[in-house]
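Each in structure tokens, the structures are laid out below.
Next, two complexes with chain A in common: one pairs it with chain B, the other with chain C.
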Partner chain A sequence: MTQVLVDGIFLGCLFAVVAVGLTLVYGVMEVPNFAHAGIIVLAAYTTWSVSQAGAPFVLAALAGIACGGAVSVLTEVLAYRWIIERPAAAPAVALGLLLILQNVALRLYGGAGRSLDTPYDTVLLRFGGVTLPGVKAALIVLAVASLGALHLLLTRTSLGRAMRAVAQDREAAGMLGIPMRRQYMLAFLIAGLLGGVAAIAYAPTFQISPYMADEVLLSAFVVVVLGGLGSVWGAVTGGLLLGIVQGFGAAYVSSAYQSAFGLLVLVLILVLRPDGLRSTNARRVA
Partner chain B sequence: MLTVSGLTIAFGATVAVRDVALTAAPGTVTGILGANGAGKTTTLLGILHRVPRRTGTVVLDGRDVTGHDTGALVRAGIALCPQNRRLFPNMSIADNLLLGAYGHGRAVRRERLARTYERFGWMRERADEPAGRLSGGQQQAVAIARALMSEPRLLLLDEPSSGLSPVAVQEIAGLLAEITADGTALLLVEQNVGLVRRLCSTAHILAHGRVTGAGPVSELLTDDTVSDAYLGTLT
Partner chain C sequence: MRASPLVRHGAVAAGLVALSVVAYLLLAGVQGDRGQVVLLVVVWTIALTGLNLIMGLGGYPSLAHVAFFAGGAYLSAYFLERGWPMALGAALAVGLTMLGGLVVALVFSRTRGQYFAIGTMFCTAVVYLVLTNATGFTGGPNGKPVDLGFSMTATLVLLAASVGLGLGAFYVLARTRFGDRLRAIREDEDLARHVGVPTARVKLVAMVLSSGFGAWAGVLFAQYNGVIAPSQFTFVQSFLMLVAIGLGGAGRLLAPLVGSAIVIGFTQLIKLGPGVSQIVLGVLFILVTLLVPGGVLGGLAQLARRLRRTPPAAETERSTPVRVKEAAS
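Now for the complex of A and B:
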């Protein structure tokens, strides 16, 4: 049972890292950023390419994370920025961007799956009857560190405070002289960096392909709704909840219905608490 | 000293404010009066460049700031305390206040926060409480204090008495008198005639986006036609 819980936490951390990126962008700009899956794909391929070129894994991982941040900012500058006054267009633009990014990956790397080797592939942690592969332990550490850093940024810095203000009331934030474009760009940068973190966490466990992140994106959107749109800590809570429920469902009922358990939780939360776990009347980031 | 001239604001084909001219001197409260939909809020938003201006110039202390964006205008010394307060309800009082000094260094922000707490002791005691939990009067005080965190030379106030109890209105009136005494120019949009009488030395009457009258409040508000048409029955 503890083993199932730890596996669920691993899955939950992955969902949380992806979902926080999505909810941050949604909170600040009200964009359902489907292109996030494409950013994860390009970040994963970048990590793989740099690693294949003989660079140390840490350098390859940093390159992947940086790629995630850069591509994410590009999507904001080249696409989302131009439709800020036309929010109804955002889902279509997001889907279009996803297709573009996936096809860039397909063109550059082909459709065959690639596996990413890490220095901790062969590490196996054992404690109290629980076995945790090194790649999963690394993800949990990376997720906690990333989300902790994000928490500090949002709560302890002027930039983070401004981002939370924009997420709660964009016009009121503008009246105080807070520059909106900088906030949008920052939200996309952070989301992209988290996408990069998700990529290097996801790639060693699963295979890298242009469509590798489609399923995790779907789960992450479930998490975003579970946690309350725009709520970072709702996304963390929702991610862990979904990961643990899916883990237990797969272990004790059937792994064939793993995703279905997540959707069941979503339906229950929407019936019992329609605004999500951590949502309040006003949207918020943090 | 604020001098606005020829200010015209339009949303597509609809002209909301047409050729408005007004001034606000340091250490005085200048009223903008008018019925709902007259263009009072739009005028304030136009001065702060929150709505697109078609024509007009905005000069602050002899410096033409017409083309500046809102951030530059705030740094130049204009702050807005908006209608309905527009605090960030899920953020703490301290965070709301610090946002008023956005763009300044950490040391400046902390120093101004300390000065705000000296003026409003209760805000220090409740600094970590979400602003949304405060009463209407307290929220208005935080909204004004937040605007003051940028240390403005011109404070734009949009109906600060709206939705407040008579006691809270008196407290806000006292606070605004203090701010004026410090030498800050106040441009006050208000429908509470008692507050206008108490605070404003001069006023401009807006109707259908145009200035239809201007002068000392003592003269404007003795004209029953003006009072009844734009402000309702005097109290």
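Now for the complex of A and C:
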């Protein structure tokens, strides 16, 4: 029971980190960033190839996170920037980018799964009857640290305040002289860095492959719907909730259908609380 | 001067009949790898005609279309295995899939753009999970053979006829009040609702109809191909269907045909090595979305207009200003 809960929290932390990246981009730019999965994949492969080259794991992880941020900013500069005026085209562009990024990974590294070794592979934490592998513990620590840092950035710095202003009302923020382009880039940079964190934290528990992030991305979108598009804390609480639901579903019903429980949650919200879906106009971020 | 409606409709009908005949000749005449390409283009055209309703006219990108396609293929195979007559099995497969489409539509037709894309994408993912895991019913990840229900000639005739009839049905639907309502939703859903278009119901009907097209294409695909496997019904496929409509020109009659030909041609005919053709498609799709929102057909129509030097206002026809008032009545 407690073991299932802990596993659920692990999943929840993963979903939260991915979902916050999605919701941040949505809040600022109103783009459903399907390409986020591709960014996670490329970050994971970068980490893998740097550590294969003999670099220490910390360096490889930093390279992966940096790659995530760089690719994410690149997608904004090359594609998303040009459709700000046409939000209806956003899902199409996002899916096109996902197709490109995943197949770049497929082209560069082939379709075979790779496993990422970490220095904490063999660590196994025990508390009472609960065991927690080192890789999962590391993910929880990384998630809490990165989301905490994001919270500080959004609430304590002028950059974060500007970002919240853009998320609340783009036109007004522009009129008040906030440099919009910089905010867009910043949102994508942060989302990409979080994607990189998600990649290095969760690649060791699964396999690295071009399609490794598809199911996580879907779950993260459910989280975003759960918490309201554009709400960071909604994403964190929604992530934990969905992680625990999927953890229990996998343990007590069927592990093959783990991500299907996400659809169940999504359908339930849509049927029971259709009004709770509309993204909150005020306080979209933070 | 514009030709009278009767002449125009007649020309379209004749064109569609000719298209069916060409499709039959190609299906019967081309063998091997190229035959497979022809089959896929034909099947996709039938399936995508449905997607063109909800996505082209209604502006709602449905990522669940491949799930309906799979529904038709797997259910018809299941009924055949049970020894049921093919006609009944096919009808049941299409009917049950449309029922599934109704359930999906009941939940998601209330949602708007982004949520709709996310929700329908999830449906495809779950159907894929079922296809790979419910081994008893689907044969698992390796798929299963399909018994021959129709004779090969009958399958070919049905495939060829369905292309023309499907496109014809789309042509008619697009000209009814239902089509106008869908266009009104695409242009401005709030306004459409405000003037009395029952938006949720219209979206629901469009979704159910489109699932029928997908299912029927799936039935025929399973019959011709002889084998079905989950790898034919992945999320990537559903996205490529979206790409095909977008490239062809969303909402235009021949978009399914042109889009399928481009997408299948890129993925099956041109051997660029693993992944590359999809990268090219992705880049192409983004460029078309950014630069030519009307797709290939829309771009060509625009070009033709410019060449004829007609003032654009006179020629915009039905594409931009939707007759919201009529749509509402």
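Here is the rule we use: the second predicted complex is superposed on the first by the 274 of 286 C-alpha atoms of A that agree within 3 Å, B and C clash if a C-alpha of one lies under 4 Å from a C-alpha of the other, contacts with A are read in each partner's own complex, and residues count from 1 in each chain.
By our rule, contacts are C-beta pairs under 8 Å (C-beta built on N, C-alpha and C of every residue); 3 or more make two chains touch, one makes a residue touch a chain.
Keep in mind it's a predicted model, so treat the numbers as computed, not measured.
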{"item": "Touched partner set for A:104, first chain B, second chain C, both or neither", "value": "second"}
{"item": "Chain B versus chain C as contact partner of A:165, first or second or both or neither", "value": "first"}
{"item": "Comparing the two partners chain B and chain C, which touches a greater set of residues in chain A", "value": "C"}
{"item": "Partner chain in contact with A:83 - chain B first, chain C second, else both or neither", "value": "second"}
{"item": "Touched partner set for A:178, first chain B, second chain C, both or neither", "value": "first"}
{"item": "First, second, both or neither for A:270, with chain B first and chain C second", "value": "second"}
{"item": "Which superposed partner A:256 touches (first chain B, second chain C, both, neither)", "value": "second"}
{"item": "Common interface residues of chain A - those touching chain B in one complex and chain C in the other", "value": "none"}
{"item": "Residues of chain C touching chain A in the complex", "value": "59, 61, 107-108, 110-111, 113-115, 117-119, 121-123, 125-126, 129, 133, 235-236, 239, 242-243, 246, 273-276, 278-279, 281-283, 285-286, 289-290, 293"}
{"item": "Residue ranges of chain A touching chain C (in the complex, touch as defined)", "value": "26, 32, 79, 82-83, 86-93, 95-100, 103-104, 106-107, 110-111, 214-215, 218, 221-222, 225, 229, 256-257, 259-260, 262-263, 266-267, 270-271, 274, 277"}
{"item": "Residue ranges of chain A in contact with chain B within the complex", "value": "158, 161-162, 164-165, 168-169, 171-179, 280-282, 284"}
{"item": "Chain B residues within the chain A interface of the complex", "value": "48, 50, 69-75, 80, 82, 86-91, 95, 98-100, 102-103, 106, 109, 132, 146, 150"}
